[in-house]
Amino acid sequence: MRISNIFYFIKQGFLGIIRNAVMSSASILILASSMLVLGTFWTVIANINSYMDSLDELNVILLYIAPETDEARTEQIGDEIRAMDNVTNVTFLSKEEAWELELQKYDETQRAIFEQFVKLNPLPDTYKIEFAEIEKSTPLLFQLSSIEGIDLDLKEQGKNPKSVIDIANKVESFKNGISMICVWLLIILLVVSFFVIMNTIRLTVFSRKQEIIIMRYVGATSSFIVAPFVVEGIIIGVLSSAIAYGLQYYLYTYVMPDMLGNFASTGLLPFSEFSRILAIAFLTVGLFAGIVASSMSMRKYLKA
Amino acid sequence: MIEFKNVSKTYPNGTVALRNVNLSIADGEFVFIVGHSGAGKTTLTKLLMREECITSGSLRVNNYRLEKIRRSKVPYLRREMGVVFQDFRLFDNMTVYENVAFAMRVIGESNRAINKRVPYLLNLVNLADKCDRFPHELSGGEQQRVAFARALVNNPKIIIADEPTGNVDPQMSLEIIDLLIRINKLDKTVIVVTHEKSLVDYFKKRVVCIGDGCIVSDKIGGMYDAH
Amino acid sequence: MRISNIFYFIKQGFLGIIRNAVMSSASILILASSMLVLGTFWTVIANINSYMDSLDELNVILLYIAPETDEARTEQIGDEIRAMDNVTNVTFLSKEEAWELELQKYDETQRAIFEQFVKLNPLPDTYKIEFAEIEKSTPLLFQLSSIEGIDLDLKEQGKNPKSVIDIANKVESFKNGISMICVWLLIILLVVSFFVIMNTIRLTVFSRKQEIIIMRYVGATSSFIVAPFVVEGIIIGVLSSAIAYGLQYYLYTYVMPDMLGNFASTGLLPFSEFSRILAIAFLTVGLFAGIVASSMSMRKYLKA
Amino acid sequence: MIEFKNVSKTYPNGTVALRNVNLSIADGEFVFIVGHSGAGKTTLTKLLMREECITSGSLRVNNYRLEKIRRSKVPYLRREMGVVFQDFRLFDNMTVYENVAFAMRVIGESNRAINKRVPYLLNLVNLADKCDRFPHELSGGEQQRVAFARALVNNPKIIIADEPTGNVDPQMSLEIIDLLIRINKLDKTVIVVTHEKSLVDYFKKRVVCIGDGCIVSDKIGGMYDAH
């Protein structure tokens, strides 16, 4: 293939875009829209996941040691807990530390009010137990209840971890469900987008089949015919990715925070988290669609 | 060297456009093909460039045997001939200049060669001043002449013209056929499909007359309605 | 307009679809895809919302009455609580009822184990307090703490409602965020879909502009030209909605449950919940796209 | 009644296709329009049917003043005339029959009238046996004849034919012009754009010759190159 041909193909590709302005711009806009939907989805999923991670403190049970338990037994209890299935981390908190931790959950004014009602440190020595799988929390809970030397007056203790776990269980299953839905929606969207893109490009090629057929009649080889279309495909792909990327940036940075209101105040991930992956993804989709789809849909007109 | 041996062509809808055609055209010949509307003249040219495949018989064009040519070879067959189509077949989205240049581009000519030869041909068909127009901005005769220039641009061994004078005035018709005869003198084969009785009668060349898909007469120095 | 004309338009509409098979089927498929994405989204959102509603039991605080409080005071406490801001419902549970309620949260075997450790009913009389807005739960909590005659040994009591509310707060804000995201994604999708559909139909019309222009040349009025295209639009719209509806049904009933795995076992809403709304929505989108889009994009060729 | 008064036409790209044309054609006249390729003949017919607007001057066709006709009236203007276009302009996706029937459908004719008249016209142009074909399955001359049938089907007051014989054999050409003359006798105005010298010379009708956008001669019983 000659150099002059290559320049010719590039020029022809650009001319093709300009001269078939309606078709080209429709393709570019459809491609960009599809990418935008995918991108928005992606960023939303990433934000949901990151938010969900912040819910992880649910995997914690506080176990209060009965006041009459001596130090040796307390330590022994710690070891017993550590040996239990599903337990990942056990921290001992003295009465004072436990109270401090508790108070930290409140802001200044709340703490002032709270302390007013609760004059004395009401907490005993405590074990903070972190565990891995929320699904297996109920067995763990009963194992813990059977330990001797903990505050056996289970009336509130039992209530406490149980209800936390109850909710944690729900949240966890909800979290899994959402992730699953998101992933599947993303896959469906991806398939549909590709489908839409393929069809759009097929339409573009279809609208120019006359041109392709005439090329054959004046003795053009298949590769000669396909080349300018591939260049066009590349241009379309690159342009659409650029447009999609720009819009995505704008949407994410300026529009999304307003849209989400309250939720966003907990802080969206910065756009830079996605910039690289989105750029790569958009370019891949764009180029794939532009090149593969256009050369594939031409094939049948090359038979004439 | 073109050789039809017992060639028949039936279109998918059942129309028999050509039946048992035997015709041989030597290199450097000049042939008029005449016949009533729907006789099969265009079909004959379509077979030559393999726009349509022959249904039976055998057809040779130079070194290509068209009944068994591979698809990848077809472009090279087509480069051996320059065709003026009855319906012009110009690229709607290319200018006059580009339409002609494209035929050279296709066979890999350099920009230099293209820039030299295209203006020469546009001049020949009197369209130098309209080289930047698009086909829809041209009159019928002008479009036909663009097609003509494109057919000649690669200096092909065989020139096939389907009604090259259908849309031009008598003066221009004479000039076009004159040009074809001059080209023919350079040892090119020229095949002209035409209805223009006066032209055929005037030039006294070989005339092949087709009627209902069969060759009904084939005379050198023939007249349009000599049969 | 003559009857024969109407029949002619209908026939012409069908013929148009058949003869421009590539374009028509591309339009139909793109339309149907867009609808499918919207539909999937819709069903997913509806399911998420219904699931979220099941998390509503978080808006509950249990308040334990101190053992030494007498009946009159207990009732008075009930009235005090009822008078509080944000409180929607207050139920008194006797020791026994409270214990019963507590035990109901466990299944048979769990209950057996649990009862083994907790021989006596450890719960006091209890007020079950339901409240409306989780955002205002902290003030409520402190108001409640100040009531005289409740189990002032706040060490566990305070802990208990606080931590529940903590989580409930999180879940609530999460829930709002998700709903917000979903609604906005739905809007974006809707806009993008319409955009894609409009463009597709514009392409379809564009590919037939020659035909439209010739009609003008033989003396056809604009309405005569548009009519068969409108019929075509209707056919395309109806076909796409039918396809989208069928696929949606299949997807929802057979594919989604598998996809969602665990989450779905909590039970997807039945498809019949959506059938009417989806049918109406799809038809509206389809007809709108088919009719409005095609007649709009024809307008410019009617000037010739 | 057609009347050009000082009509000029300049295309958007600056080409002056017609300049200061004054021409009046009475009802029932038969006029040949001749001229070299690119002279402006097709432009003249395009102005008549308002495919293009005139740039200056005034143009009357029957009761329509084309310099100020409203867009919604254009279809009714076009129904007063039957046009055979130089490039045929058939509907690619309609059969021959439907192509002709469509022109009747457009003006609101009943199915009955259509089913009676269309076959009659297809017979007239010798295409009765090809009525179910699509245009691309026809030869060039056959397509031209379909266009001819479509132009005549509504029995218009004015018939404009741009090269109606460009793609048909001499015999068919004669027949077509003959038909036009017979139609002319029914008091229809007939305007024929043609390059065929022999036809023009033979029929001895009014001949308007255009050269470079101006009318260079206008003679009754004229000859093709009488100027």
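By written order: A, B, C and D. Residues from 1 in each chain.
By our rule, contacts are C-beta pairs under 8 Å (C-beta built on N, C-alpha and C of every residue); 3 or more make two chains touch, one makes a residue touch a chain.
Values in this document were obtained by computation on a predicted structure and should not be read as measured data.
Undergrad: Name, by label, each chain that touches both members of the pair chain A and chain C.
TA: none
Undergrad: Of the other chains, whose C-alpha centre is the longest way from the centre of chain A?
TA: Using the mean of the C-alpha atoms as each chain's centre, the farthest one from chain A is D.
Undergrad: Can you work out the whole-Å distance between the CA centroids of chain A and chain D?
TA: Measuring from centre to centre gives 67 Å for this pair.
Undergrad: Using the average of all C-alpha atoms in each chain as its centre, how far is it in Å between chain A and chain B?
TA: 63
Undergrad: If you average the Cα atoms of chain B and of chain D to get two centres, how far apart are those centres in Å?
TA: 28
Undergrad: Please list all residues of chain A that touch 2 or more other chains.
TA: As it turns out, chain A has no residue touching two or more other chains.
Undergrad: Find every residue in chain B that makes contact with two or more other chains and list them.
TA: Not one residue in chain B touches at least two other chains.
Undergrad: Among line, ring, star, complete and other, which one matches the pattern of chain touches?
TA: ring
Undergrad: Using the touch rule from the top of the page, what pairs of chains touch, sorted by label?
TA: Once each pair is checked, the touching ones are A-B, A-C, B-D, C-D.
Undergrad: Enumerate the contact residues on chain A facing chain B in the complex.
TA: Contacts found on chain A: 2, 4-5, 8, 16, 19-20, 210-211, 214-222, 224, 303-304.
Undergrad: Which residues of chain D touch chain C in the complex?
TA: Chain D residues touching chain C: 49, 51, 71-72, 74-76, 78-79, 83, 85, 89-93, 102-103, 105-108, 110-111, 150.
Undergrad: Inside the complex, what are the residues of chain D that reach chain B?
TA: By the definition above, chain D touches chain B via 11, 13, 15, 34-38, 41-42, 86-87, 133, 137-142, 145, 162-163, 166-173, 195-198, 224-225.
Undergrad: For chain A, which residues count as touching chain C in their complex?
TA: That would be residues 22-23, 26, 29-30, 33-34, 36-37, 40-41, 44, 48, 51, 55, 58, 102, 105, 110, 113-114, 117-118, 122-123, 138, 142, 145-146, 153-160, 162-164, 166-168, 170-171, 173-174, 176-178, 180-181, 184-185, 188-189, 192, 195-196, 199-200, 202-204, 206-207, 256, 259-264, 266 of chain A.
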